[in-house]
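When the chains are written out, they are named A, B, C and D in that same order, and each has its own residue count from 1.
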Amino acid sequence: MKKVYESAAEALNDLLFDGMFIAAGGFGLCGIPELLLQAIKDNGARNLTFASNNAGVDDFGIGILLQSRQVKKMISSYVGENAEFMRQYLSGELEVEFNPQGTLAERMRAAGCGIPGFYTKTGVGTVIAEGKEHREFNGETYILEEGLSVDLSIVKAWKADATGNLMFRKTARNFNPLAAMCGKVCVVEVEEIVPTGSLDGDHIHLPGVYVHRIIQGTHEKRIEQRTTRAAA
Amino acid sequence: MAWDRNQMAARAALELQDGMYVNLGIGIPTLVSNFIPEGITVTLQSENGMLGTGPFPVEGDEDADLINAGKQTITELPQTSYFDSAIAFGMIRGGKIAMAILGAMEVAENGDLANWMIPGKLVKGMGGAMDLVAGVGRVVVVMDHTNKHGDSKLLTACTLPLTGKAVVDRIITNLGVLDVVEGGLKIIETADGVTEDELRAATAATIV
Amino acid sequence: MAWDRNQMAARAALELQDGMYVNLGIGIPTLVSNFIPEGITVTLQSENGMLGTGPFPVEGDEDADLINAGKQTITELPQTSYFDSAIAFGMIRGGKIAMAILGAMEVAENGDLANWMIPGKLVKGMGGAMDLVAGVGRVVVVMDHTNKHGDSKLLTACTLPLTGKAVVDRIITNLGVLDVVEGGLKIIETADGVTEDELRAATAATIV
Amino acid sequence: MKKVYESAAEALNDLLFDGMFIAAGGFGLCGIPELLLQAIKDNGARNLTFASNNAGVDDFGIGILLQSRQVKKMISSYVGENAEFMRQYLSGELEVEFNPQGTLAERMRAAGCGIPGFYTKTGVGTVIAEGKEHREFNGETYILEEGLSVDLSIVKAWKADATGNLMFRKTARNFNPLAAMCGKVCVVEVEEIVPTGSLDGDHIHLPGVYVHRIIQGTHEKRIEQRTTRAAA
């Protein structure tokens, strides 16, 4: 069962369709599937819904799909860095569903783990709780949040072997393993495909069972807020 | 006279206890890490998946894979560990993080907090703020006492959409320190050169 | 004539497809791994936290930290990964494991499965069986067609407490292969030297 | 904040009390907190409730606490290897609550993650579902299971640093990280305490925030079913 594909286009093109629901890993511009996003832009699939913590910046990340008007709806927690996003949102061209960041992460994991709903304290007493079931456990009030299943997961990892085992690097892990879990199909871009057997089984962050297709490529890995201190 | 940003951060740092795991919000709360008292070890959590955040890197050492929740490049420490966002918020929601120090737009006398949206203005999203205030052991707000029009940000009831209901434990402003208690806010201390009367006069919330 | 244990396992191995992730139960299902068809790669999951289980170790290579769900010492393969029990069952419950091949005490014609307890006898617990039958893509039961008293284990309705309701897709016994379909069980094939009449006669469940 | 203790007794004795609820890691005899279990036996605390996938064997693991009659109730998924367990269970001296294995694991994780309840398909239509809320999601029936919070977690890991960061080894990981999450206090025994900074942050399986006390000791690591094949 071959999982390694030659290019982002080869890995994605037969999977994409108009109106599909996609989960993307990444936090800000850190650990985003930049090559797969570009391939979706090149493909031209439209009316897409994205579950992604952020929406990129104007010319990088999901931002490039906003510019090309391929995105119908975003499910996100924070979208402050994107002027085109704001324009489309305020003009009503783009639907937005805000999720608390931890709720979004847990909804992805839940769907991947066969859990259709879970209770959380997050958002009780806020607009997030409106219309959701409230329930008491041990005298405290919680709301019901539902698992978030998608058609396609797009993920950025550091290393993969040919069986799909993944390692992430530092804070580029973030939403990537969770996005990987919640999709019917999961496509991953990595910096390096290493020989099967070269990853220690105890160091693998996401087992290959979650990964259907892998591509290797060169990543820009843009930095959003370059902050430094004076050398000592 | 009143506290400046650094003095507010220094005062907030006195909330820290040895061994605590703490989450610091963006803005003045981030400055708190510059004032951690001598002899106290605290571990800073960044909700994008890191325990043990270090200082900004020196120029040339920036790593695109190593950022904090404010998306700034940072460094790691010897004890740093990384994990995914579900675990990051699992430890927040599960009460494993002892304290969050956050900014705010408004705090009500019952502990309600508003810090994520202004209706009719740009809405950027709540990020991790709702999870933090719902989950951590103690919520300390650090903010200016009044807004740019001079109106109190400590209110009888919030006017803005809430981030969390009855979640704030302590408020540190440029004028002093107040706790949320039964019936309203209680003055714990006043800032250097600020009298209790001045603090009361600047506060719309009930002071008990 | 009928199939022996190895022949049943060999027949069950024909259910495997290239690239599948599969969980094998204790007993005859474990033998299936000896009969994986040429040219087909399957990855075996062990629900105690391992994907890619290898064969038993040679003597002297046993590792107390490396066991399968039957608590037997095993070995790892180049692609082996380890994870905790929540993830192990997350992938089971989430439908990431394509198939489970399990033993059974009784199977009903609607796909009900009983394989974890006999009231009044020792109750040892369901272990991971309930999660497996609820979560995996396809459940194949491998068992003797009749119990030691000669009574059919394929019934119109289970008499024992259920492990799962309407969960079985296919049953492989010493007498043949049957699928759970609308209205009852359908004979797919008979074992070597077993006639369809013999199989019908040994089956209490409705055959359609 | 000192986390490293000299002995299992020193780490446990001021935490133990009669009637307390303890979660223990391990699967069979693999990855069980054998030193901490012995210290609980030596301490003599009684009427204990244990959440643990298994109950050990007669003379090892939780079995030693059954022999000393310190256990009132077990929450487990499979307990077949223990004759004394069966004797006490059948005579009514020992309460037993069976949980499906995946439900038990998820209940521990949920409690540790601030999730008081979640829905699962596991056990629908069986005795496990009796008395539990049933709910439909997308046309399928699920039951509500609750988070499992305990007074004390006892855990076995491979390596720790002094800040409590843990690594497990192979299938000895199993329930250990989950048991660690669900307790008010978590005490861990390891084979080796390594200098802080010597564990790669990307290889840490459980961050130190979950770990309150650590001891290092020598482990028997008994094998339950020694199975081998002929050398090639």
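As a working rule, a residue touches a chain if its C-beta (ideal position, glycine included) is under 8 Å from a C-beta of that chain, and two chains touch if they have at least 3 such contacts.
This is a predicted model, so every value here is computed, not measured.
The chains that touch both chain C and chain D are A. Most remote chain with respect to chain B, judged by CA-atom centres, is C. Centre-to-centre, using mean CA coordinates, chain A is 33 Å away from chain D. Between the CA-based centres of chain B and chain C the separation comes to 54 Å, rounded to the whole angstrom. Measuring from the averaged C-alpha position of chain B to that of chain D gives a distance of 35 Å. Counting partner chains per residue, chain A has residues 106, 109, 113-115, 120-121, 168-170, 173, 201-202, 205 touching two or more of them. Along chain C, residues 50, 76, 82-83, 86, 89-90, 92-93, 134-135 each make contact with two or more other chains. Contact between chains, per the stated criterion, is found for A-B, A-C, A-D, B-D, C-D. Residue ranges on chain C touching chain D, taken from their complex, read 46-50, 55-59, 61-68, 70-74, 76, 82-86, 88-90, 92-93, 112, 122-131, 134-135, 161-166. Here chain A touches chain C in the complex through residues 1, 109, 111-115, 161, 163, 165, 181, 196-197, 201-202, 204, 207-210, going by the rule given at the top.
Within the complex formed with chain A, the chain C residues making contact are 18-19, 21, 41, 43, 45, 50-52, 76, 78-83, 86-87, 89-97, 134-135. Listing the residues of chain A that touch chain B in their complex gives 27-31, 53, 76-81, 86, 89-90, 98, 100-106, 108-109, 120-128, 158, 168-178, 205, 221-232. Within the complex formed with chain A, the chain D residues making contact are 106, 110, 113-121, 135, 137-138, 140, 142, 146-147, 167-170, 173, 201-203, 205.
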